[in-house]
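Two complexes come next, and they have one chain in common, chain A, joined by chain B in the first and chain C in the second.
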Partner chain A sequence: MQAAPMLPEILLAIAGMVLLMVGVFVGDKSAKPLTYVVAAALFAALALGWTTPHGDAFGGLFVADKLAYFAKALIVIGAAATVLMAAGRATPSDGSGPMRFEQPVLMLFASVGMMLMVSANDLMSLYVGLELQSLALYVLAAIRRDSLRATEAGLKYFVLGALSSGMLLYGAGMIYGFTGATNFDRIAASVTAMGTPSLGLVVGIVFLMAGLAFKVSAAPFHMWTPDVYEGADTPITAFFAAAPKAAALALFARVMTDPLGDAASAWGQIVAMIAGLSVIVGAFGALAQRNIKRLMAYSSIGHVGFALIGLAAASENGVRSLLIYSAIYLFMNLAAFAFILAMRRDEHAVETIDDLAGASQTHPYMALALAAVLFSMAGIPPLAGFFAKLYVLSAAVDSGLYVLAVVGVLASVISCFYYLRLIKLMYFDAPRDAMDSPMPRDLGLVLGVATAIILVFILIPSPIVATATAAAQELFQR
Partner chain B sequence: MIVATLCFYLFAGVAIVSGLMVVTARNPVHAVLFLILTFFNAAGLFVLLGAEFLAMALVVVYVGAVAVLFLFVVMMLDVNFQELRAGAARYMSVGALVGLALLAELALVLGGMTLGGVEVSGGALPTPPADQVHNTRALGQIIYTDLFVLFQIAGLILLVAMIGAIVLTLRSRPGVRKQKIADQLARTPEQAVEVVKVPLGGGAQ
Partner chain C sequence: MNALYVIAIFLPLIGALSAGLFGRSLGDRGSQLVTCSALILAAVLSVIAFIDVGLGHNPRSVELMRWIESGNFEAGWALRFDTLSVVMMCVVTIVSACVHVYSVGYMSHDHSKPRFMAYLSLFTFAMLMLVTADNLVQMFFGWEGVGVCSYLLIGFWYDRPSANAAAMKAFIVNRVGDFGFALGIFGIFLLFDTVSFDTIFGAAAQFTDARIHFLGLDLDAIETLCFLLFIGAMGKSAQLGLHTWLPDAMEGPTPVSALIHAATMVTAGVFMVCRLSPIFEYAPNVLAFVTIVGAATAFFAATVGLTQFDIKRVIAYSTCSQLGYMFFAAGLSAYPAAMFHLTTHAFFKALLFLGAGAVIHAMSDEQDMRKMGGIRGHIKQTYILMWIGSLALAGVGIPGVIGFAGFYSKDMILEVAYGAHTIPGFIAFTLGIAAALMTAFYSWRLIFMTFHGAPRADEKVMAHVHESPPIMLWPLYVLALGAVISGVALYGPFVGHHFQEFWGDSIVILANVQGETIIDKAHHVPFWVKALPVVVTALGIYLAWRFYIKQTDLPAKTVAAFEGLHAFFFNKWYFDEAYDFLFVRPAKWLGRQLWQRGDIGVIDRFGPDGISSMAKRVADRASKLQSGYVYHYAFAMLIGVVALVAWRIIQEGA
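Coming up: the complex of A and B.
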């Protein structure tokens, strides 16, 4: 049994337990130093993953390949950035009390769960990784326990999440029953030998996909997203939108193409349906939202739908486009949430879109950065979001999914409306009471770096595109 | 062989009779005691099947913990079981339906039903074969050796659950009287005892 490929996760798990002990002994005043240690530990784990050998670990339970490493890089960037953004709000004055020291520790454990699940090479390791991540996220959603909305968000997320875990387990059980294996390689061999997937296997795949679709918040399993995004504390919402999305999308891609690759006839249509519904729900749902966190929730449903269009193509190109999309979406999300976190007036967080009115005059640089991010989300060239959509749509067209591609483009046009409305509010409306300035330095850093990445993607695309290409290639060679 | 068959009929017969007694006994304490008897007989049936780990787990978990807990609850709470039983006739039809569904499933399994080309009752063969290794050892091998990393991650999940329970519910309230053992131990006789002279017929101040 080889443990070396999983050293990053082992390091992070140990770091989590040590930091928990430090937090218990020092108390909540250690919360802010802990966030820096957590971010450092995450990057240390990523660096360790770079040097450790790739390959199977623990007798085939886990695998460290290029796809896992790509997803882990996204998880680390997303988690570290949101952990640091949360540190900037360690002592909010809106009566919600200081940050609890458990918050960075739980974020670390959630990251461990995500890294485990993107490395999963077995239905059992998939489940334990997913559960570790989900359980930490349920608690994080409700960590401001004195807030009614946060408690509601946590409870809703927990109940629906438990239901989806049950469906996923049922599906995994059916797949185990009808292929006789839980290991992905052996499931793949069994599915290949089967030719046309048996009825029981198809039932298993459908339930497994329902569970996974819930985790990525794709329609029709998206109902929890707006409430949880709105109710949870904003740094936590940023965390939800960044790291778990990328992890769950990578997991979705691996499960569908690696063990069930030869059953694509069974799941292709379902993924196409989920993707089409998601882009439509994302486009229309966001039109009427005045709360910017709810708006971001619907926007995330739409973006996940777009990424899944890539998966529906069921080709190497499709998985590559999904990975590129989730990477670019991660940076757009980080920038948008850095801005939302900076939206404060008289030291209180504001979150309706009308509070953006006239921001171009009061906060010109912030408004410029957000405008770039929103143009990118809407898919306007030459920003990164345009290329993300381009890769996905070209993969779909290559696989003959013309209807899905047209639906995606139409939904993208509709969603332009609400992105452009935000820009119109910032640039053409009279300013209301000015928001607090200047922007906290850490938030400004995240916003600046993420916006820069979105802007220069057209000049230097290779760090994202080349690694995603290599990851997809390796996945399809297995 | 004949002994095993006799044992099977003994365990099965007692299990059915005591199972019936669980639902018909008038005294709730008797009902719980019959439940424990049923568990013991089911454990005996598992031993006959060669599943000694399941038999042990049944005795330890169900008899040792769950049934005794039941017994405590039944004896300590003043529950009127006659009242609870009053509605039984109304729900009899639903119960019968559930029973019929279970019976039908049993018949399907025994009748060799196939689903997607796989026989429903034809479970995967145990690995390693049961005559080579005891199932306790086989389970231990799988959980603590082959899949020990999953066992560790499960521990991590429980840790996160524990953190969550504490984060979401534990509150330090001011003004709560707590026992401070260090303070109690540090007390000296001078702090605790006051020696007063009581004049005859005067009483202590």
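Coming up: the complex of A and C.
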């Protein structure tokens, strides 16, 4: 048994337990220092992952490859950024006290779960990683346990999450039943030998996909998203929106293309259906929203739909485009949530889109950055979001998914409306009561860096594109 | 040396960019200084180029850079300096320099002087690009460049609706011509596989029998292409049919009329035909057409000029008429004569326009000659200068001895027309003589109505009549010098016995079997042909004197006697009305139909409006689905997974 490839996760798990102890003994006043330690630990794990050898561990339960490392980099960036942004950002309007020490620690455990699941090479390790992440997220959603909205959100997420886990387990069971294996490599061999996938396998795949679709919040398994995004504390929402999305998308891609790659005829159209539904729901659902967190929830459904268009292509190019999309989306999301976290008036968080009115006059730089991010999300060239969509759509067209590509483009046109409406509010409407300024430095830093990445992607795309290409290539060689 | 020539071309651009982009920081005075000095320097360099290339027979071409390379299509940026282009360079830069300096005075009350100077300089640059072009695409660049500047300058006073309308009219009418020009360029590329002048000219003789098949028509290739190119020339040079924009273009400031709509841009068509003489020479039918169109324009515009009252419109129709002369000369293969008249005309017509500007300036912006009169004592210098311009225009001189500029150039053209001994030549000669009579008449009608007789303006205006400042008069003197001596000085090299030495390869004239060119023939016409223009000119001046000085009731009587004819001339042969009926109204009707029925009725209704209202309905419905109840959500998930499984199973089964 060779544990070396798993060292980063082991390090993080130990760090999590130690920090939990520290928190228990020191109390909530340790929350703030803990966030820094958690962020440091995350980056340390990433650096460790860079140096540790790639390969299998624990008898093929775990695999460290380029796809896993790409996803882990996104997880660490997303998690660390949101952990830091969350630090000390309690919302007194909810009548709650300061940040609880569990928050950073739970975020750390969730990150460990995500890292495990993107490295899973077996249905069982997949489930363990997924559940570790999910359990931490259930608690995080309701961590403001004296807030009605937050507890409602946490409960909804838990109930529905349990249902989806059940579906996923059922699907995993069916797959095991019809292929005789839980290890991805052996499943792949079995599926290849099978030729046409048997009906039982197909049912298993659909159930498995239902579970995964819930995690990425793809339609029709998306309905928890707006409620949880709105109900949870905003720093928690930011965490939800960043790392878990990237992790679940990478996992989705791995499960579909690695063990079930030869059953693409069975799942390709389902992914296409889910992707198409998601972009449509994302586009239309957001139109009617006034709450910016709900709006971001629908926006995330649409973006996940777009990323899944890449998966529906069921090609190396498609997976590559999915990875690029999730990376770019992560940065757009971080920037957007940094802005949303900074939306405060008289020390109280505000979250309707009308609060943005006239922001270009009261907060010119913030407004400019958010405008760039929104243009990017809408897919306006030359910003990164345009290229993300371009890669995905060209992969879809290469695979002959013309209808899906057209649906994607049309949905993108519709979604432009609500992104541009925010810009219009900021730039063309009279300012209302000004929001607090200046922006907290850490939020400004995240907003600035993420926006810069979106802006310079056109000039220096290779860090994202080249690594995603390599990851997709390796996945298809296995 | 090459560098100097290139600098001469780009100086106006530098001036334009400085005044246009940094006019605010340069200030009015700075912008004027930069553009004027750039132009004067360019004029000096152009004269040097003329001496070197034209008189020294030293043509050259300077490659600047590559431009378009696509397949076997190549168009570069190269400046071609041969006799033809340096003659044009001199005309353009000298007149332009005069107009620049004059504008400093004329526009002194205007609020956007840097913009005006920038446009003028930009125009000059575009014109220089046109005349030094080394291939058709580059020429088209300059061609469109001057078109744009003309549009900008006609509409310079953009707060006047009439100026905007005139600017649009000029642009749109020119589009008709440019369409022909562009088609001609496409056709040239189709036939010759290149747009470069040298290659085209070298190969033209081989393609005389080539045919073009288009829509079942079997056409002579060279004739067709030359016809299309000539359509372009007709638009730019305001020839009969496409002339309607030129009189309206007088809405622009007077210096613009002098520079663009008299001396330079409108002659671009003539220049183009001369530049392409190696091809046009192989298209005898088109040349005949050019002759007829030119002669008809010369006659038509002169008749209209007889009846107009707006001082600038009289000169505008005169320009139109003189362009007709140039074209029928070119149509008779007498390209040197056309270029000769082009050059002399540039001087005296710019002089007349700027002089008219001085009059308008003196009369507090009054342009109607019926409200002028009796001001010769107040503005003596302008009066004398207008006389010089008119003498040059009418071509006054003593045959065989000496005369004003127009005397040499116009008479040369008429001699060519007679000497051609062809039917088109004879028509051109007849119409040309008639037009010469009318030219003299309307020129002195203008002078007598404006300067002589009793004042018809009110006292306030009359009290204010004043001579222009020196900065406006000096350019006039320069132009007057040109109007006096350019004819006698340039006759020898341009159309003298050794004209071929001067023009070199830049103009090609096919000689007849005796080895004579049309110019040679023109030198051997009877004396009465040389004398006749002078006689009719004298007659025209006498008639004008009779009508407007001696018997001032004669004009009214004549109008009463020939009421129908007068109305026909006065209304410019009803061209505008006919075009309005034939083109403008149907186009507007079609536009309105497409707009209201097509765009609003169909596209908006089912497109943007329909889709956006549908999007709103869908969004409302979607948010209703989001009830907030967990069991609804769970139900949706289960339905979703069941539906997907069912869908898959049905597909597997099918």
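FYI, the second predicted complex is superposed on the first by the 472 of 478 C-alpha atoms of A that agree within 3 Å, B and C clash if a C-alpha of one lies under 4 Å from a C-alpha of the other, contacts with A are read in each partner's own complex, and residues count from 1 in each chain.
Keep this in mind: a residue touches a chain if its C-beta (ideal position, glycine included) is under 8 Å from a C-beta of that chain, and two chains touch if they have at least 3 such contacts.
Please read these numbers as outputs of a predicted model, since none were measured by experiment.
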Next item on the list: Could you say whether A:A13 touches chain B, chain C, both of them, or neither, answering first, second, both or neither?
Entry: first
Notebook entry, point to check: Touch check for A:L199: first (chain B), second (chain C), both, or neither?
Noted result: both
Notebook entry, point to check: Between chain B (first) and chain C (second), which, if any, makes contact with A:R290: first, second, both or neither?
Noted result: neither
Note to self: So in the superposed three-chain picture, is A:R100 touching just chain B, just chain C, both, or none of them (first/second/both/neither)?
What the structure shows: first
Margin query: Which partner chains sit in contact with A:F214 here, chain B, chain C, both or neither? Use first/second/both/neither.
Written below: second
Margin query: Looking at A:R345 after the superposition, I want to know if it touches chain B, chain C, both of them or none. Which is it: first, second, both, neither?
Written below: neither
Note to self: Taking the stated contact definition, name every residue in chain A that is touched by chain B in one complex and by chain C in the other, in rising order.
What the structure shows: 199
Note to self: Could you list, by residue number, the parts of chain A that touch chain B in their complex?
What the structure shows: 3, 6, 13, 17, 20, 58-59, 61-62, 100, 102, 105-106, 109, 112, 116, 124-125, 128-129, 131-132, 135-136, 138-139, 142-143, 145, 154, 177-178, 180, 198-201
Checklist line | Contact footprint of chain A on chain C as seen in their complex | finding: 615-616, 618-620, 622-623, 625-626, 628, 630, 632-634, 636-641, 644-645, 647-649, 651-652
Check: Okay, in this complex, where on chain A does chain C touch?
Finding: 155-156, 159-160, 163-164, 167, 199, 202-203, 206-207, 209-210, 214, 219-221, 223-224, 226-227, 266, 269-270, 273, 281, 284-289, 414, 417
Notebook entry, point to check: What part of chain B is in contact with chain A in the complex they form?
Noted result: 115-118, 124, 146-147, 149-150, 153-154, 156-157, 159-161, 163-164, 166-168
